[in-house]
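Two complexes are shown next, each including chain A; its partner changes from chain B in the first to chain C in the second.
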Partner chain A sequence: MPRIELEHVTKTFDEGKVVASDDVTLAIDEGEFVFLLGPSGCGKTTLLRLVAGLVPPSSGQILIDGIDIGKVNPEDRSIGFVFQNFQIFPSMTVFENVSYGLVVHGYDDETTEKITVEALCLVKLENRMMAYPKELSAPELQKVGLARAIATRSKILFLDEPLGKLDPKIRKSFRHELRRLIKTLGLTAIQVTHDQEEAMSIADRIIVMRKGKIMQYGKPEDLYYNPNSIFTANFFGETNFLEGYVSNVQPGECTFHLHLGGPKIHIQLPAGHDFKNGSEAIIGYRVEDIELIEQHETGEITSNDQDSENMPRLNTVKGIIKDMMFIGPMRRFMIQLENGDEIQTKHSSKFLIEFKKGQDVLVGFHERPMVFLYPADLRYELSKA
Partner chain B sequence: METSITDENPTLELSRPDIEAPKPGMLLKIEKHLSKPGYRKALDAGTIGFFLFLIIGPLFSIIFAVIFNWNGIYTSVFNDPITGNVQGQIMFTALGRSFEIATIATCIDLLLGLPMAFILTRYNFKGRKILDTLVDLPMAVPTSALGFSLYLFWGTNMGLSGLLGLQTGIISPGPMLITFTHVAFTYPFIVRNLKVIFQETSKTYEDAAKTLGAPGFTVFRTVTIPLAKEGILAGIILAFTRSLGETGATIIVAGVFETAPVYVVSLKQSLHFPAAAFLSMILISISLIALVFLRVFARRVGFPISKVWPKAERKLSTKPARFSRNVLGLALFVVIVLVPALYTIPFVIEYFSVNPFTHDSTNTVLASLFAADNKWAWLWVSSITSLEIASLATVICVLFGLPMAMILVKRPWGRFKDLLDALVDVPLVAPTAALGFAMYLFWGPMGLNVFQPGFWLIILVHVAMCFPYVVRPIVAIIQKTDPELEDAARTLGANSITTFRTITLPRMQPGIVAGMIMSFTRSMGETGATIVVSGLITTVPLIIVQWFETSSFAAAGFASLILILFSFIVLLLLRKTMERS
Partner chain C sequence: MPSVKIDDVTITRGQRKILEHFSIEIDSGEYFALVGETGAGKTTILNLISGLLVPDSGRILIDGKDVTDVPAELRDTGMVFENYALFPHYNVYKNVTYSHRVRDRNVEETKKAAREVLSMVLIPNRDDALPRELSGGMQQRVAVARALMTDSGILLLDDPFSALDAGLRMSLRIELKNLARDIGTTVIHCTNDVEEAMMVANRLAIIKNGKIEQISTPDDIYYRPASVYAASFLGTMNLFKVKVTAIDYDLGVCTLIYQQGDYTKEFITTFHDRAIPLEESGDGLLCVRAEHVYIHKGHREMPNHVHGIIDEISFLGHLIRLEIVDKFGKRIVVNRFVNEKTRYLQFQKGEEVTLSFQAKLCLLFAYPGDEEFARLAENV
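Take a look at the complex of A and B:
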């Protein structure tokens, strides 16, 4: 179970015009299943190809088990690679494809056959051994790709969007099988994806990349609840971002003023922040974290949230329901706040009070939003590229 | 794929540490050794050296030869003490005629070829495949055989005029017959080019234009043609340069008339070397300019599409208009290209043992082959020579063409590679007679004095001439192959040579076969370049020319037929391998 380390790895294309990998330093522990996540073209695949030796880095060092592998040919790195477009050799049968790695290593026929059959059994393709790639469906091709990569007995497995070409339904069942297989064989694995849900559900750790840079690296829960940038916050889940400024800054808390003369809300600040009185800021709330409260004429209020007592103290802001949508188990609301900001909320359909379009409501914001200093270019931070 | 194996079967073979280490065999060991970058660099250098020294060097050296010997050449061409500038005048007249003929032939080609390419790509009908083969057929006819065939058909009373009951030929040898020959000879090239382009341009664009209300002809003019622009230009330039440089067929149908490449041949035969060098240089320069134009400017040429004439174009798009276009396109193809090009076949059958006019054996194939001068033996020897030359030239082309194709696709060399890429096409457009003469000057007694005219010089010329025909299809197929397929092999533990043997080479096979067949037929049928460097050697195309000149039509017809049959078999093989890939 090898450990992979990258030290200041940079890769540029087209004479430096395109930076696919920008001073990347990271370590992947033995036996870890890590996901590389980011928008298309952010350099995820290039990072895999760099470590696999398929492209040389412009600068920096790549180490496996502490040994610099910069001069090692890809065929000697012992890294299994599953390609997005499968890349099953078209002129060979399934069996020949899977045994290819063993044959070119020079294993004897008996061992080759034993291991090949075993790898094919692991992916449940043992009855398609003599088929040619053109007779196979996309999921079967991907299984061949997987079997072929693990049959080399490499202890490292790279998967470049292995599920990208599959139907969404098959994709979901496939990903858990994939994780089980990797853990069974005790592999150190890196998988590239741009599907944040896929990464969240099966990764040990996730690397979030953007324009060749690593934005954040951590456990799925960390990335979801403690994103270190607006980009990461925007990338996972659905988030409402509210603009404004802070005042009354005290250790651990402050008052946030929604812009355009909007209402004030009381929020907690993370340790080690850079906020001063008057700093412009962005706060973010997940769509599922915002409460909708009905205010009756008597002044009595009812909330749709059954656990409202357990939640932190709520700031309430007046708003009006502009539109609502029914999406199966959930219901989605478009709400305009009193300062004109529009936000979206999402609630379980089951426990919902009968809200109507055009109805005045109180919107409940809890005290622990994601808080960021106002960035130089907000549009850039929020863009998906 | 449920991986429930783990619990019942904890000792997976895949994760057993004590499995026996692999023992690579001899082949794998050698391949591993050869995978070192040093060998690759040596091969690259060797290939480029071969290409520059054997193919490009002689071509360019003629330009320098002319510049360095300018005074001598000037005297002999423009300022001869006896003839003055007569030679120069003849030369420029010949060049002018060549241009005229090439221009007219290309225009006719386009007019005939556009509807044909359109029929072959946009219509689905029974017998389309057969029509497709028929269109390619004239390509299988070597040029001297083609010229002879057209001469028989149009120029003698044994052809069309015989069928019509006339005593003399309809078109006598000269500019008109040359133009007809060049149309027949370049037609398949232009249709083929257009066909590929139309196949590549998606029909959905045309459908989109139709849903917006454009009639068929307007769609063709404003959508199809601009999308196919570069390909059409490439086809035009290829047809134009081929026509400009054609020798083999032209010699036969020209009569006393001389085009520029034919004049190169006669200057060389009459030992007027300075003039031959000068004219060769001009021809090669023209083809280089055409190539540069194609490479650099083709993309910027625009077609006027802004104006639309709805009424007229709607009329042109009606059913009767389309029908008559299709029928006319087909009919003209049959009358101008197909039948004349293949006329040798019925001719040889008709004249095989009995002369249809005299009803005895005078001038029949059998009689003239087995006459006292033993033509059959001569034909036998030349056939063997032709086969030897074609095989050897093809093998050399493949040996160097394969690494060249790899270089052109895979090496990250930027500008230098673009230059190599352009240079590979030079022999494609250079007139073969000029190419042959350039080779003769470079290697022959007046140059390095390494090769005398004869077998080896013919081989060199044919290698130069056929090289692009081998490289291009291989390049095309490598470009179509996803490089990740090779990456996959590398990550599985195959070194670069093993990857090449097990993955790349099998993928390239159809391209290699296609290139070999193209090169083989080209070499078998080549006349112009061979005449210039043949010395005492004769090949089948040369024999056809000789027998034609001595009016042994029946024997020449039979030699043509043998050449056609041979090329036809090879063309069938080509189509087979193309379909399989």
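Take a look at the complex of A and C:
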């Protein structure tokens, strides 16, 4: 049974002029760790506030454990909160901050202490109980925020950009700690973030939002490998979009002609597609999926990747290396194709032939790109990105 | 495009020395990055160069000239901030031409210069827009344009992209790098995101507590870090306490023993000159980057390997991050690069695997002591 359910929830502000949530229907299962993700202003925070019962929906229903959240008194809602800017009382010790809610709720001293110490042990702050916030580092402050939320004994946790104020390196290690904690306690959690990588790395499922609407809801791998829109494809990972039209359309395959008289490549089409000969289309390749192949004068070729098994048939087209960058574990190339299109590729720096700027290369496009019909507003979409 | 030099500068705030006898030299036309944790002193260094901060002692030189006593408005360096810092009630054109207008520059020349910088940052036709009518990315482009209107040929960037979405951040980095190269500005770019620094900079300095931990090209620091801190700063690092059993200084090769209880493994690694001093039969710290660990299915025997069980798998798109726990509960992080060809080889939680690493990709340092080791290991 789902723990949290939204049915046709709409929320408007300014007498209907601003639609922050647009007919949202979704369910979150017990013990699931779900992320809300989308560009600034897409309605993530409003949705979180709606589910928390902090603002009422304009229409639709929000159920937690089958009960309408609007009918539950705020103090009886069993939801813990963690905020980006920690919201820790500066004049109270760590212990006092965490136990504050329990004291307010009238727990006796013994129970309060037991629960507080337990929560602080879980976040590994048992040695800093008497410290004041100003003595703590940013990650420690957020651990206090977490302990306080845990101490409410809520089975549901809402986190609004909880790692936003931490340095990138700490943020990357802390997020795994956060997931472990939430899973250990069996909490149902919703986290808002604008960091795609953070969401992909620790979420069970991700809700992708845009202009108050849910674009896609699924596991990280699904969103990455099977995006249902250009928006989602562009939102996760780095993608090269190539414009063109199709010919030779068969049930499962076709020929794609890159625009401006570019090369032709053979691609597979998803089942039940709407393509006709001459349809304008857009195909997407992740930067890591494009191969670079060196062509020697003898005609022999050297491929970039060592592993040649499982190789789908490869289309090769001519290109020239315009620029390259070294980013620690990655190498990145800017390549210009014959029709003038510029694409980027990304490779592990572990196995690589040495390429030079200005060098001619063969660019390998596999047969399974993401394929989209060309919608009218597409050019606008991409230029905005 | 001038060079920038900070010479033996000390800055004190109350009891705290923010910088102490700090020196750094940045070549003309260089794209230079300063990286470090929050509070390391990066912004202080930028403020010294712009003239917003005057050192207690030491000198600032721009293009060889001592400017220590020259006020900020006469140094006229271009600055770009994290929060854009545009004048909210001025439109794009007035923001960009601000420095020219307060200096009463020739109107026609100002117009021409503004046209030029605005087209460089790809905002050619929004002169009348107010900042709030623009997206974050556009506002930051306007801020860059404004900074390019200054005369010094120096561009100072203080964490310019951290408020932007990931995709935008990525494309602006590349744009700015190309732009700086094309017009030949000297750029000093502060960030706490080391990936950003490696991507844009010709050289970078890792700053720790007001001191330079290492200064070099991204490539050099990545493969030949001067310290464990510098090594770990550039990505996820696995650390093993090992005993050094034999060293061949001529070949730069040594043998190590990784021991926990009665479980021992022998490793062979290379080491570089910055890792010295190492002692035979002394303790060493073996560092292996997460992306340099190879993962194999099942229990296998091969050089430089350990066995373990997969405890956690997380998906990062082009990377899969795996956490493996070895026999003694030590966590080892593996970043596996995946693409269309390699993603079909899947791993499961609970699966037994063999991890191996190449001798030439290992880094070896003297053991820093148990306390420091625990602190470093916590931040893997």
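Going forward, the second predicted complex is superposed on the first by the 368 of 385 C-alpha atoms of A that agree within 3 Å, B and C clash if a C-alpha of one lies under 4 Å from a C-alpha of the other, contacts with A are read in each partner's own complex, and residues count from 1 in each chain.
Going forward, contacts are C-beta pairs under 8 Å (C-beta built on N, C-alpha and C of every residue); 3 or more make two chains touch, one makes a residue touch a chain.
Since the structure is predicted, the reported quantities are computational estimates derived from the model, not experimental observations.
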item: First, second, both or neither for A:L63, with chain B first and chain C second; value: neither
item: Touched partner set for A:L362, first chain B, second chain C, both or neither; value: neither
item: Partner chain in contact with A:A131 - chain B first, chain C second, else both or neither; value: neither
item: Partner chain in contact with A:P329 - chain B first, chain C second, else both or neither; value: second
item: First (chain B), second (chain C), both or neither touched by A:V249; value: neither
item: Contact residues common to both interfaces of chain A (with chain B and with chain C); value: 180
item: For the chain B and chain A complex, residues of the former touching the latter; value: 1-3, 5-6, 12-15, 19-20, 22-25, 28, 35, 482, 484-485, 487-496, 498, 502-503, 506-507
item: Chain B-touching residues of chain A, taken from the complex the two chains share; value: 49, 52-54, 73-81, 83, 85, 87, 89, 91, 100-102, 104-108, 111, 114-115, 118-119, 121-125, 143, 148-153, 158, 177, 180-181, 184-186
item: Interfacial residue positions of chain C with respect to chain A in the complex; value: 37-38, 136, 165-168, 170, 174, 178, 192-195, 198-199, 218-219, 222, 233-236, 289, 291-292, 312, 314-318, 321, 323, 335, 337-342, 344, 379-380
item: For the chain A and chain C complex, residues of the former touching the latter; value: 39-40, 138, 167-170, 172-173, 176, 180, 194-197, 200-202, 220-221, 224, 234-238, 286-289, 305, 307-308, 310-312, 323, 325-329, 332, 334, 346-348, 350, 366, 368, 385
